[in-house]
Amino acid sequence: MLFAVTMDVAIPHDLDPGVREDLIAREKSYCQELQEAGVWRHIWRCAGQYANLSVFDVPGNDELHHLLWNLPLFPYMTVSVTPLAAHPSALTAR
Amino acid sequence: MLFAVTMDVAIPHDLDPGVREDLIAREKSYCQELQEAGVWRHIWRCAGQYANLSVFDVPGNDELHHLLWNLPLFPYMTVSVTPLAAHPSALTAR
Amino acid sequence: MLFAVTMDVAIPHDLDPGVREDLIAREKSYCQELQEAGVWRHIWRCAGQYANLSVFDVPGNDELHHLLWNLPLFPYMTVSVTPLAAHPSALTAR
Amino acid sequence: MLFAVTMDVAIPHDLDPGVREDLIAREKSYCQELQEAGVWRHIWRCAGQYANLSVFDVPGNDELHHLLWNLPLFPYMTVSVTPLAAHPSALTAR
Amino acid sequence: MLFAVTMDVAIPHDLDPGVREDLIAREKSYCQELQEAGVWRHIWRCAGQYANLSVFDVPGNDELHHLLWNLPLFPYMTVSVTPLAAHPSALTAR
Amino acid sequence: MLFAVTMDVAIPHDLDPGVREDLIAREKSYCQELQEAGVWRHIWRCAGQYANLSVFDVPGNDELHHLLWNLPLFPYMTVSVTPLAAHPSALTAR
Amino acid sequence: MLFAVTMDVAIPHDLDPGVREDLIAREKSYCQELQEAGVWRHIWRCAGQYANLSVFDVPGNDELHHLLWNLPLFPYMTVSVTPLAAHPSALTAR
Amino acid sequence: MLFAVTMDVAIPHDLDPGVREDLIAREKSYCQELQEAGVWRHIWRCAGQYANLSVFDVPGNDELHHLLWNLPLFPYMTVSVTPLAAHPSALTAR
Amino acid sequence: MLFAVTMDVAIPHDLDPGVREDLIAREKSYCQELQEAGVWRHIWRCAGQYANLSVFDVPGNDELHHLLWNLPLFPYMTVSVTPLAAHPSALTAR
Amino acid sequence: MLFAVTMDVAIPHDLDPGVREDLIAREKSYCQELQEAGVWRHIWRCAGQYANLSVFDVPGNDELHHLLWNLPLFPYMTVSVTPLAAHPSALTAR
């Protein structure tokens, strides 16, 4: 089941630089593990923004919430979620 | 070059049913040709909405505009466009 | 899987009264069948509004979209969808 | 009498971790007592958000306000309240 | 139990003048009956707007909805409802 | 002359607790004096919010501004003002 | 007592041209009478908009409402009203 | 003096096709005359929108308003205006 | 050339009181000099707000920007600017 | 390929003045290098705002993102991006 998710990131300016770098590194690693697992299907940078548009493939709402809640940068994100369905004009299921 | 495009459709309630069906059929055909050409990379229905989230792969802004402007349903759509860039955490270019 | 759905209804003032009554009757019947099937779990009127807040229990996004798209009043509704997950403080799964 | 209530939580990043954990524990305990009392009828997590959608069953506005005002996390919440009425299509009173 | 209600009125410009006058006359009469019954406690015109701010005193949400739904001008109104509670600084209950 | 005023209060979380309590006590006292003087005609709590809806009866805009500007909590409030006029359906001037 | 008033005009495209011209002529005449009476103190066109920013000097809210309600174009306007008070830095009362 | 102007166009769907084409032709001709005169300095299509972003060079606000008000499509446009000043980092005055 | 300018002021609560008073004093003095020079034509307090509505008479956009940018309270203001043109119904140029 | 970009700047009030000046100097230098390279085609100050409207000419979305992301003031900016296409009424390609 697919969900489009937009994540806007706003890390506080006064966060300790070491903590910040560690967060970003853990975020990247977490993201890549989920990509390898086929769960985080797409991630694109929104040009000119500290934000991304992503597509997740998960069994349901609970799994989606679990994944997002555990993002290392989650406390600094504004997240919006759009559940996606198959479009009648799409040539393939995906 | 990728662009995320959201299209919200609002066909007037009093449009002639034959005109309406023709428009929708032409929209579907137009959409599928562009999918086959590899230009309209993704199209998903936003669940519960007469709307879709799409991703286009085009050489530039002019080509994107040309494609959208010629959508048979364009006069009845509210369109929003987000230019996408590669994300540093993405495992693959796409 | 649960979804909260808000439906705001705006039937055009100039719709034929017979068509209007038929639509409303079919909407009610459709709604009650889905309640009996255990799919449309809750429906409440938002006080002072021609709107409702509902909770659906469906296998996934596609089924949710199918149900909403086929509401007799769908063409006259503004719909918003919120995917729901289990809350860690909830005493029961539902 | 039913009310839908949405609570968005934003605990300041610099709150003392011990204070934070205590608040969250007290919030959970408060929430579960009200569930057991039949007052806090539903609580769902909005997927991907530090937010919940709840339904309360209270004698009136004063009691609703009293309950919400005393939430341990109330000072860190943005709350919206929608009074609910019986829907003419609902099969049961609830 | 008190509710603040804002009603913005937008009667279509092409409504038959006789129908329009009848609606407005019935709205006034309906409003005054509810004032005499002590239910419609206050009604003020928002200066410069075809809108009013009102306060209702009703037993609950269902009664409030019933009253508003039956306003002759309800189909032409945008309504917002705010449930009111006693304020700790108020000298009197009302 | 009547004005509806909505006051949303957001006291900073890190304000000294003593200062906070003093502010709230002075706000209450100020509010009650104006009620006794017949100027602050109504004050209701918006259920579930740290906010109130009030009605003031003042000679004019300057007096209204003076009253609001001197609220002890004014620096922590978001205020909105709606000038009220007599409604043609109102049974009494007030 | 001064009020800033913004008026956005949207005359329906299908209004009879004769009716339209008559409305605009009556609006102009009404506006100029109130200017001569010293009530409509300022009227400026918002550049690039079918809108104006005006300042009225009236005894109170009721008089302001009466003036605006009787604007020939009132049914086609979106109006916003801001009550003005003396500014402590102003050199003159006006 | 420069102004950025955004024009969103919404021609009614039921406008006579001949009238529509005539309007668009006159709009184009009007636009090109002003470009040749050096007044309409830039016009860009907003990709995916029936809208443009333009920059005008005019002696003042009155001239800007006169130009925009006389656009053949003005009655069907939503216009926003941003006055522009020299930027301290700009290498050239323009 | 006239511009309407709205200034909303939000001085941080933790600003040093001496700095604050100095800023406000310099703002007042700056404002009054510009009034005497005939540039800051009107300044009104928006009732109930730490905000003003002003009208400036300047040669152009650059001069307007220069004046606003140098307001002592500029770093704490949210400013909006509306270019004004002569209104065809105005009896006098101003 | 052209993009319109709006940048609203909000440097925290408590940033060290030396750091602030250094940031602004580096921003200016970065901006001027890109102007000289023909990439940052226009930069205008939005009158009365700490904001600019700019036009960039870049090969694509990735390059645009790279340029904006590396702006020294990027962490303190709210950025919006509009992809621009050729307008059919434009006399020249630019």
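Chains here go by letter, A, B, C, D, E, F, G, H, I and J, matching the order in which they are written, and residues are numbered from 1 within each.
Convention: contacts are C-beta pairs under 8 Å (C-beta built on N, C-alpha and C of every residue); 3 or more make two chains touch, one makes a residue touch a chain.
Being a predicted model, the structure only gives us computed values, none of them experimental.
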Chain I and chain C - chains in contact with each: none
Degree value of the rotation bringing chain C onto chain H, based on Cα positions, nearest 5: 145
Chain of greatest Cα-centre distance to chain H: D
Selected pair, greater C-beta contact count between E-G and D-E: D-E
Counterpart interface for H-J, drawn from D-E, F-G or C-D and sharing over half of its contact pairs: C-D
Centre distance in Å when chain C and chain F are each reduced to the mean of their C-alpha atoms: 39
For chain A paired with chain D, centre-to-centre distance based on mean C-alpha positions, whole Å: 27
Distance from chain E to chain B - Cα centre to Cα centre, in angstrom: 44
Chain E and chain J: spacing of chain centres that average the CA atoms, whole Å: 50
Overlap residues in chain I, where contacts from two or more other chains coincide: 2, 45, 47-48, 61-62, 64-65, 81, 83-86
Each pair of chains that touches, named by its two labels: A-B, A-C, A-D, A-J, B-C, B-H, B-J, C-D, C-E, D-E, D-F, E-F, E-G, F-G, F-I, G-H, G-I, H-I, H-J, I-J
Touch list for chain C against partner chain B, complex: 5, 12, 15, 61-62, 64-65, 68-69, 75-76, 79-81
Residues of chain E that touch chain D when the two form their complex: 1-3, 60-62, 64-66, 81, 83-86
Residues of chain E that touch chain F when the two form their complex: 2, 4, 27-28, 31-32, 35-36, 42-48, 52-53, 55, 82-91, 94
Residues of chain H touching chain B in the complex: 13, 45, 47-49
